[in-house]
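Chains here go by letter, A, B, C and D, matching the order in which they are written, and residues are numbered from 1 within each.
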Amino acid sequence: MGSAAIVACTQDNSWAARFAQVRAQTEQLSAGLSAEDCQLQAMPDASPTKWHLAHTTWFFETFVLLRHLDYRRFAAGFDYLFNSYYHGVGPMHIRAERGLISRPDLATVRRYRQHVDAAVQAALAQDALSAGALALLELGLHHEQQHQELILTDIKHALYANPLRPAYRATAAAATQPGTSPALRWRRFDEAIVAIGADEDGFAFDNERPRHRVLVPAFALAERPVTNAEYAEFVRAGGYAQPLLWLSDGWTAVQTEGWQRPLYWSKDLQSEFTLDGERELIAAAPVCHLSYYEADAFARWAGARLPTEFEWERAAANRLINGNFVDSGRLHPAPVAADGDCLFGDVWEWTASPYVAYPGFRPAVGAVGEYNGKFMCNQIVLRGGSCATPAAHIRASYRNFFPPPARWQFSGLRLARDA
Amino acid sequence: MGSAAIVACTQDNSWAARFAQVRAQTEQLSAGLSAEDCQLQAMPDASPTKWHLAHTTWFFETFVLLRHLDYRRFAAGFDYLFNSYYHGVGPMHIRAERGLISRPDLATVRRYRQHVDAAVQAALAQDALSAGALALLELGLHHEQQHQELILTDIKHALYANPLRPAYRATAAAATQPGTSPALRWRRFDEAIVAIGADEDGFAFDNERPRHRVLVPAFALAERPVTNAEYAEFVRAGGYAQPLLWLSDGWTAVQTEGWQRPLYWSKDLQSEFTLDGERELIAAAPVCHLSYYEADAFARWAGARLPTEFEWERAAANRLINGNFVDSGRLHPAPVAADGDCLFGDVWEWTASPYVAYPGFRPAVGAVGEYNGKFMCNQIVLRGGSCATPAAHIRASYRNFFPPPARWQFSGLRLARDA
Amino acid sequence: MGSAAIVACTQDNSWAARFAQVRAQTEQLSAGLSAEDCQLQAMPDASPTKWHLAHTTWFFETFVLLRHLDYRRFAAGFDYLFNSYYHGVGPMHIRAERGLISRPDLATVRRYRQHVDAAVQAALAQDALSAGALALLELGLHHEQQHQELILTDIKHALYANPLRPAYRATAAAATQPGTSPALRWRRFDEAIVAIGADEDGFAFDNERPRHRVLVPAFALAERPVTNAEYAEFVRAGGYAQPLLWLSDGWTAVQTEGWQRPLYWSKDLQSEFTLDGERELIAAAPVCHLSYYEADAFARWAGARLPTEFEWERAAANRLINGNFVDSGRLHPAPVAADGDCLFGDVWEWTASPYVAYPGFRPAVGAVGEYNGKFMCNQIVLRGGSCATPAAHIRASYRNFFPPPARWQFSGLRLARDA
Amino acid sequence: MGSAAIVACTQDNSWAARFAQVRAQTEQLSAGLSAEDCQLQAMPDASPTKWHLAHTTWFFETFVLLRHLDYRRFAAGFDYLFNSYYHGVGPMHIRAERGLISRPDLATVRRYRQHVDAAVQAALAQDALSAGALALLELGLHHEQQHQELILTDIKHALYANPLRPAYRATAAAATQPGTSPALRWRRFDEAIVAIGADEDGFAFDNERPRHRVLVPAFALAERPVTNAEYAEFVRAGGYAQPLLWLSDGWTAVQTEGWQRPLYWSKDLQSEFTLDGERELIAAAPVCHLSYYEADAFARWAGARLPTEFEWERAAANRLINGNFVDSGRLHPAPVAADGDCLFGDVWEWTASPYVAYPGFRPAVGAVGEYNGKFMCNQIVLRGGSCATPAAHIRASYRNFFPPPARWQFSGLRLARDA
């Protein structure tokens, strides 16, 4: 990817335009990577860029074109190679071995994208898609936006495995001054019964529904996320050596993984690996690439706690969604503004809430019912979106989720406390 | 242990009598085991009987005698060997290697128990324990009751590793007729704001507090647990071969662990390993030794779901605590009565609720603050007690917790559904 | 690689010509592979093609150019990335992570090769290399020929990880008729004291020296290798299910790896994966892709044994080195001729001899002393070269070696028995 | 075991007396251990004392009593539990889980021994055993002597897993003065064709036969083993940090296992764990508990090498077998005498020879053919016996063998060099 700004969000809100925009955005994110870069997979949880390019295409092919139109698969075997985890549509390639697929090569995958794009656009032009098909098309667009974020976090992880520590793009964002953390202010909320989740208007994932009432006790929430400077203080205070600060599983992870600081930080706590290569650590920027265990331990050390997802959503409801998203082209958290109103963007914020079904949850009908529901175990909800999230993708009710040890996302934290 | 009944709950409610009763109960549970039996550890999660005997004693020695009296440890090294996970009081032996401790031998551990018992009783006789010390003594008694249950589940697991499949005790409980499952009835609950957790009167673990209000939507709860007959139907219907029935992590466990049926069931689904050795499967008894994944999959297959812990507690509040506990001497789930009012006993019931802190949770003060709070991640709440739980130990607000894959507890399920 | 014949061995025996020929051969072997193919690594023992291209170049750069000339490294970091296992020259990249190096890309590695080639040729043109430097240059050429074979075996292994089972080259060798195994004849040798190893004339690896005398008892050696048809009979006879046929470690490998037939054979024993993709199994061709354990078990089943490396070398001494080498372009074992005199080529033959030092062994001086000696443990000697070995590379005294479980080489066997 | 001397070798050479003596010796070695001690297994390679007691009994029951007499097994299931690795007689319990067998208990195993002893003695008294049966009886006695050594090395290993580091016996051997290593003298041998292996007279294992001629080049052999003082010098010189001193697999073991010194040595190199507990390191005693890798690395550091097993046997042939064996009751290597003629006893000496078949090797007939032959891979020959070997058990032709990483035997080394 060059230094050029990310494709601006289109004003044309037709399906054709939206589809074209999202698909182009994905292309742009991978445009600066070599065929070899696009092949990299350094752990089972992360996937090669090429696989993301193909899998998002497979999604449209499988759930829109094949189910609703007279269409033939682009190539034999792609149903197997590029199915992620949908048992309902057939068996799939081993997740940990996605990086071993040299054929199809990148050029073929790009042709695959063009082929499917053309078929979708043709169907749209002919009004050939039913409401159900269009709903799956919309799901596919949001799905692709999720993979746009993963393209960035996964390639960052993969390039970090290279001892040369190469940058993702040739022309980097301008360097940022380290700065200092603005003072931490708290906002108080009284006990209330609040409506949580997405209502039936507009797009939302099945896991955001049904909208339901929750009794949320009084609490206070920090006005900004925890910064690098604050977290560095925790590291220097020996936070990684005090078992009493940690959840039991967290302490085990610290010991077995040898964690001493956030993923990507240098040993001297002065710099970190970014999509632009090794860069000076920005004191006033939100700390990121933390596991849930680290976020939780920091909060305990700070005499606070993580907010529940209900507390977070309550604070976020009716808030303007502005912030540092992928659209800024920065691709890294930015310093927190002194008067920031920054619940969205920069870093995903670990909540205290395990990812479970809302009361009355119903998985989406059909094979896409596997999209969210089957992961409702051993994961924690994160909220708010990050510097790698498309701005158009995020909502106050949006529930991201990762296992507690995951560190390769742009994941940070915001403090809460009982009122 | 012989076939004799478990020591009856004493009527004398003095500290001295309660202490003596609980300690004697532990001795009785291990009385029929050889020194070699008491040494067995077949996985890191389970501990040798001898270790349980010593650790529960270490608890009183460490938190009551050493902190509040002029007392010297019984023997050097025991602080290290028999500390389970309390970093606040010092380092500890490797959990997975508890079975490698042949010295001290069982006879020495029994002397250790007598030594500590005498010191505690002397202190009680002299009124030498402060209110704080007595609170820790009480905690120690509940702690020991938990280990009484673990003695049974852990030795069951360890003896199962022996291809001869020996029985835990010489004289078994009388055999039970297989019977049939009574019809399943449902009880409906309307939406309500309910008080959850223990109030400040009487003993409860820190994780049951503070009592707080929760908005619980309307739901229905089965009047009895799922039985062996019902679960066998799920097995025969191919439940373990249908990925769409399982949580993603559950399906992974099925594949990697090769699960085909509950732990301890024979391949032909006709018998199961019990503390009395191999026994015919009782159709009408609650199914047990299920992981959370299996409980969840069964519920999905049955068109229902697991109850939340709030739903369960709401149904259990004000219910009489009767049921099949360790006190019956049966040591195995009993057939469900047709008109059963059986929320307690027989099997721990997996809920749908991850184990997290209640709003306003404060860990107990001091090193015993590590007792519960640090495990609030990657675990699921179970409710109700089992055939291995002392009757005096259970409460409607009691929260047991185990990781989703755990199968060696007497863990079963009860169905719920949206109203 | 196209179907074109491999570059013919040059008649010009100058250093410049030999260097150019060997280097060009390597290029040709990788010419048909994409950048993504060249990145593949499906197990730690095998390396990506790109890594082979770079490492062989690093060898000349490190041991010839940097040690003997005024030369600067082509690029920073390459000393680390492309050092295989020479602790004497510095630390090195993790072997299992060679497939995670997307940068330098393939084009850069090709430029690296050209750069080093030019420097070597310039030095040769100016007679700037001492005798010692020329000895290292010669070692480097033989080293590169070894990697030529590994390029083929490693890419075969990596492509096999792709469920599409793609072919290594676009234009395959002509198909071969299955045929039948020619009758097995034995050749008898009387007891003798024989000279084993390479004499001081000409090139040989240090592990082939010193030439020394060995008392070899009388024995008989099969005139041809074991064929696919014979091995299939062993498979069908249940050879993989009879523990008494196997070495103890071999039986463990069969159990834990689930071996049921040679690597690359189809389940129905009718076809096998080759560098030309899936092909019919040729009954009369030597069986290959066997571990030592399988070769040993087959020999026991056949009432015979594997030959020692001394028996093999005695039979091979003074024999003409003709056979099916990489030069034929076939890249797969060919049917055994009825009157074959075929000790060389087609398949490496497992001997019964662990790889140890000859009496008086001295490792080569300097860092290249790590080339052979440090592997003299837990490996078995193979003899004779294969269909992937350059004809100019093999000798009667040549000692190849792999660990007993290795299967991804073109490794087969020849029977021996006591006379 | 008390401090009493080991049972003296009987003068009565009848089968009955020999059988009684060997069996009693085994009992005596375990007499001082508790039932819990006898249950310990801290790694798959080592077995519990109780298992050794039972397995050696199983050997006589299976190969002598059941095959040659009208005899019924002592108890059901023992054929499965106490079969070590003889596939020819049936399936067997998992090796790594021998420590999980609490039933039968130790008392039952002792009765098992008495039962089988009585049956064997009755058969001997009635002359009921054929020559073939007597040959298996003799094999069983040598087999039991091997397990006597393993009882000691295995319990040493298991007790070391206890952080209290308890002693094997109540009354220890008298302490030894550290002393200093006597000067190292070398003995030179000219090239010769020597007869290697056991002739057909007297007992020997099948792996010592057939006796055959080997051409052994000239060499020199150290007159004594390497001492603790010499090895400590290697440790202090940084031997464990210099990859160039190590075989490749050895260096990997150093890295992955974190080896820094011999097993059982204290970090300050001043003491070591012995069967009498922690004791001061005796400078002049042979170093032991080395892996092959460490022995090999030391030899390289010392400018020497390990002897081949042929060199060793040549030096040992016709040498008087005296030395520090288990019979001394010392149970630990003793200081090397200045004028020592000490090829036997104290420590097993790693040779440079992988364990392979002698030319013309034929495994013993029947199921005991699995005794030795199937281990002829991935193991190295050790020679000479140790302080835990019965004196009557060792021979110049005796070939012990262990995998290169094994450290829990009394294994040391003797230097050799080319002449």
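Here, a contact is a pair of C-beta atoms (placed from the backbone, for glycine too) under 8 Å apart; a residue touches a chain by one contact, two chains touch by 3 or more.
Treat the numbers as computed from the prediction; the structure is a model and nothing was measured.
Note on connectivity: the fewest chain-to-chain touch steps from chain B to chain C number 2.
Comparing mean CA positions across the assembly, the chain most remote from chain C is B.
Look at where the CA atoms of chain C average out and do the same for chain D: the two points lie 38 Å apart. If you average the CA atoms of chain B and of chain D, the two centres end up 46 Å from each other. One inter-chain figure worth recording: chain A and chain C are separated by 46 Å, centre to centre, where each centre is the mean of the chain's CA atoms. Taken residue by residue, chain C touches two or more other chains at no position, since every residue touches fewer.
Chain pairs recorded as touching, per the definition above, are A-B, A-C, B-D, C-D. Contact residues on chain A toward chain B in their complex (touch as defined above): 85, 87-88, 193, 212-215, 217, 243-244, 246-251, 292-293, 296, 352-354, 356-357, 359-360, 370, 374-378, 404, 418.
Across the interface of their complex, chain A is touched by residues 34-40, 42, 50, 77, 80-81, 93, 97, 99-103, 105-106, 158-159, 161-164, 166 of chain C.
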